[in-house]
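The same chain A turns up in both complexes below, where it pairs with chain B and then with chain C.
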Partner chain A sequence: MIWQQIVNGISVGAVYALIAVGYSLVYSVLNFSNFAHGDVLMLGSYLGFFALTKLGVPFGLAIAIAMLGAGIIAMVIEKIAYRPLRLRRAPLLYLMISAMGMSIFLQNFTIVTIGPNFRTYPDVLPTKPFAVGTLSIGRLDLMIFIITVIVLLLLTWLVYRTKIGIAIQAAAYNMRVASLMGINPDLIATMVFLLAGATAGVGGVLFGMKYTVYPWMGVLTIKAFIAAVVGGLGSLPGAVVGAFVLGITETFAAAYISSAFRDLFSYLLMTIIIIARPAGLMGTVAQEKA
Partner chain B sequence: MSGYFAGIAILTCVNLLAVLGLSLLTGFTGSFCFGQAGFMAVGAYVSTLMTMRLHAPFPLALLGGCLASLLVSIPLGYPTLRLKGDYFAIATLGFAEATRLVVENLEKITGGSRGIPSIPTRTSLPVILAVTLFCVWLIRNYVSSRHGRNCVAVREDQLAAEAIAVDTFRYKQVSFAINGALAGLSGGFLAHYVGFIQPSMFGIPKSTELISMVIFGGMHSVTGAVLASIILTALPEVLRVASAWRLVTYGALVVTIMVIRPEGLLGSWELSIGSLRELWVSGRRRFLKQS
Partner chain C sequence: MSKKILIAMWVLALLVSLSACKQQAKEETIKIGFFGALSGDQAVWGQADRDGVILTIEQINAAGGILGKKVELVVYDDKGDQLEAVNAVKRLINEDKVVAIIGCNSSGRNIAVAPVAEEGKVPVISTFATNPRVTVPEPGKVMKYTFRVCFIDSYSGYVKAKFAWDDLGARRAAVLYEISSDYSVGVRDFFKQSWAELGGELVADEAFKSGDVDFRAQLTKIKEANPDVIIMPFLYKEVALSTRQARDLGITATFLGGDGWPSSALLEMAADAVEGSYFVNHGDIDAPNVQEWREQYKKRFNKDIEINSIMGHDAMIMLKAAIEKAGKAEPQAIRDALENLKGVEVFTGVINIDPETHNPVGKAAAIIAIKNGKFQFYKQFEPMK
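Let's turn to the complex of A and B:
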């Protein structure tokens, strides 16, 4: 029973990890909470959904469409809502507010244009789970886990092994010094949002397949934030660890305590971490600089 | 027809009370609160339960809701206000969602997601108007006092404020408590005006609506908060047709304001005899120069 819950927790955590990674990426470079991240995920999920149902493309292509679409949307959002503020060196509070406005806009625009109803993804895989010993593992859960691992490996390779990735790391360390070294901050911001959007796009499709697609899916940003805080804000490995911790905590709380109060336990987890270890499980303490 | 306008006036006052607290907390002290609806819910439910279960008189129930919301804000602010803005914003959002969850699941006390019907409607326009004007006056004075200036110092540069011996944490906590009390009061009035409450009235859309009002009016101006509450409450009532697009417009408005005019409609301009005289003098000078 416990092992079954851990399997369930990992499958939930995998989706959270995809969302949290993009969120953390933006945070690490630009130092603000991108509240519209969840809404990019929602749009990616709709893109994947319509690609599958309206265009009838194969599943792999649908994921690619969702990734590309969500990445481009995130890039455009950065250009419209964040770049002017960044160039003006506006306080971070303003960036946060702008992100919140963007989130309200995207969510309600979707409600008005596409409609507020829940939509279920068509079945891509047979729903029958297969058994490993006493455990039953859903085919969908397994596939979600595999896709997550692939995307995370790709992202790791991009960030730690390529030139642009090293530039992103430098910018995350210190944007000003990085720009003195000949790194174009605008290009970095664009790349970061493209990457974050693309991971959100995959996350959206996977989340939509596991549950449903609906316009206020973006509220999941809260979960991504909790995962990122638990793991250490701004740290990519931290975001992944935090996401799995969060997923397992949630499934255990739902299974053994009360499913109605599942979300309360997520907040509780975050509060405990904030009080006990403000830098998160894998984060480093950063002193605020003048 | 006059009843209709009185209704809009009452709703404006309800929103204004909640926006006033938010203006102090987010606009003047610089802590971005994302869960104002949660405090309203606490105020609404506590005051309703007081009138319906305990048969408390209306002013006592209002005070109860106000105090309950204030008491909630203290333990909530204690761990979160010390941290960076993002944590605080999410913590308040989490608080509002958690409140909604608790209310939805304590069915025996709160009626669950169906809510509490037939609450005695006690809110009348003269009373709420008097209370609101009193609160506007209080906040206006608080903001222009030494304490208010310290709040602004916290917003502008926390490190510098600390360096000149401003207890930043205490000022944030006081702002948060005042904000909680005002939102609780607003919730109590709302419940006793509509005569019906349910958890979905206090969701994320309500919080975003309130914070949009603060941003629209001018982050650093009490007058702006008042003006924005009036415009953004009355306008949707008049433009009923476009109600679906209301929140879309709010979102676009917030982004546009942040990009083009981050200080909001009024910026830090306040309505007072002195500022009006200044406006009159400079306006006349400009007029004379033209003619």
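Let's turn to the complex of A and C:
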């Protein structure tokens, strides 16, 4: 049973990881938590769903549509909800409030336009899981894990190896100095939201396939946010590590301690980490972010 | 400038309130309130409740109304949230001045709302809240203004145990339940009690929290315990997710659910996973006495009925009987009439309210099977002795 529980934990962690990097990416550059991130994920999930069911496009293209769509949506959100505040040097708290407002708006907008129903993704893969001895490994879980790894590798390459990525890192390190060096902060913000939105888009499709799609699914990403905090908000590797730690902790707490208090252990883990290592598992206090 | 605007607004407000007065004076109606989840997780049922009530009111009005007066319905969405439900009921009582309220489909929200009804002295009839504490918060105490049209969880738990033991031949049972839901916890407790009385073995008792989407950790444990039957007293979204995940993990036990299951959304979302499962329900939407009304409902709303539509209808018929018995549409009189209501025929049986508990006594449950991707009436269950 322990192996099955590890598989369960990893499959939960993989989805968290994809969502957590979005929180970290935005935090690393702009120093605030984008609470509308979960709703970008939700919109991405719907985009992928409609691309598959209404347009009948192949799965790969559906993911691409969801990534691009969610990326653009995130960019637009940054433009209308955050940039005006940032340019006026409003306190970060206001950005957070603006994010919450955006989140409520997007949820209700979706309920009104698309409807409150749950939708189920069509089966892209045969649903029967692989059986390895008594172990059952879902094909979908395996695919999610692979896609997550690919997306995270791509993101790492983009942030650490490309010019724009290095600019993002510089901005994350110190936005003001970076702008003195000729880096346009608005462009960086746009890029960061585009990237975070795109990861949320693919996350939404995978989340929707694994579970279901509905307008308030974004609230579930609070777990991914916890994962980002556990790993060290602002650190990309931290977000990934935090996601898997949280996924496995949760699963083990449910399996070996008490399923009734599973979430208690998630929050307990976060509390302990915050007390013991305020910057998270992978962060340092004066950290180099991104 | 701003003064002008103020004056203009004041005049406008005056006009609006005047015209409102006029409208009220034109025709006296019986104002009834409704609250339910019109959005959120439980929207399928809240909307079905509401539509059942609306259609029944339209039919009552077409036949001349109640006591010669037309019935008017005020509807609020509680989004499946307890706080919103309390606000909705407060508004219905204080601002809309309704004489009675129908709603809702959830035990948790009805428990939250009961003291508000008590304070406002307006009776509430719940369509689907099955937890005993909705009307009887503690032994010997009854919520004076809260009633229900459905059977309660102790009966539903008993039916699940008896059915699993007799009809399914199960001896090892597992329970998966939603710890944050009064309904789910209630059914689980009563099932455990009845199951122990029958001599059955409870091999696993696992919980999850509302909003969870991943149940693999709990299901893996349940699989280890190797039960014959898994009791799943929660709502269709979680049922769809958990049954799919259970089948993925290779669990072959029979799933046995409750009145949170019946929704066409379940069949869409769960697909093959729920094939061969059973659930305990308040009635059968395929019963002959419902079919004519079902056609009218389809015509009116362009969709098929849910079991909640029937419960909405039954609650409205129960309320109509109470108002007629009271002889006047006044909250206190309606409450008094409800308390001793006897022999009211509705789709799901005959309503006889027990004044001690405010529950309809002697209602029978229907067992529904899921076969070939459809809900099929399996059998009528005996009322508990």
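In this section, the second predicted complex is superposed on the first by the 279 of 290 C-alpha atoms of A that agree within 3 Å, B and C clash if a C-alpha of one lies under 4 Å from a C-alpha of the other, contacts with A are read in each partner's own complex, and residues count from 1 in each chain.
FYI, contacts are C-beta pairs under 8 Å (C-beta built on N, C-alpha and C of every residue); 3 or more make two chains touch, one makes a residue touch a chain.
In this text, all values refer to a predicted model and were calculated from it rather than measured experimentally.
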Combined model on chain A: chain C and chain B, fit or clash: clash
For A:85, decide between first (touching chain B), second (touching chain C), both and neither. first
Please work out whether A:212 is in contact with chain B alone, chain C alone, both, or neither, and reply first, second, both or neither. second
What is the contact status of A:32 with respect to chain B (first) and chain C (second): first, second, both, or neither? first
Taking the superposition as given, does A:118 touch the first partner, chain B, the second, chain C, both, or neither? second
Under the stated touch criterion, which partner chain does A:16 make contact with: chain B (first), chain C (second), both, or neither? neither
Name the contact category of A:5: first (chain B only), second (chain C only), both, or neither. second
Looking at A:101 after the superposition, I want to know if it touches chain B, chain C, both of them or none. Which is it: first, second, both, neither? first
Which partner does A:109 reach: the first (chain B), the second (chain C), both, or neither? first
When the two structures are overlaid on chain A, which partner does A:244 contact: first (chain B), second (chain C), both, or neither? neither
Considering only the listed stretches 56-64, 110-118, 200-208 or 290-298 of chain C, which one runs into chain B in the superposition? 110-118
Where chain A meets both chain C and chain B, residue numbers: 111, 216, 219, 260, 263
If we count contacts the way the header does, which residues on chain B are in touch with chain A in the complex? 30, 32, 34, 79-80, 83-87, 89-91, 93-95, 97-98, 101-102, 104-105, 158-160, 204, 208, 211-212, 215, 244-245, 247-248, 250-255, 257-259, 262
Within their complex, state which residues of chain A touch chain C. 1, 4-5, 8-9, 11-12, 111, 116-118, 120, 127, 129, 131, 136, 138, 210-212, 214, 216, 219-220, 250-252, 254-255, 258-260, 262-263
Help me check something: in the complex, which residues belonging to chain A touch chain B? 27, 32-33, 80-81, 84-85, 90-94, 96-98, 100-109, 111-112, 216, 219, 222, 225-226, 229, 233, 260-261, 263-264, 267, 270-271, 274-275, 278, 288, 290
Show me the residue ranges of chain C that touch chain A in the complex, using the header's touch definition. 39-40, 43-44, 179, 206-209, 211-214, 216-218, 220-221, 224, 237, 240-241, 248-250, 265, 268-269, 271
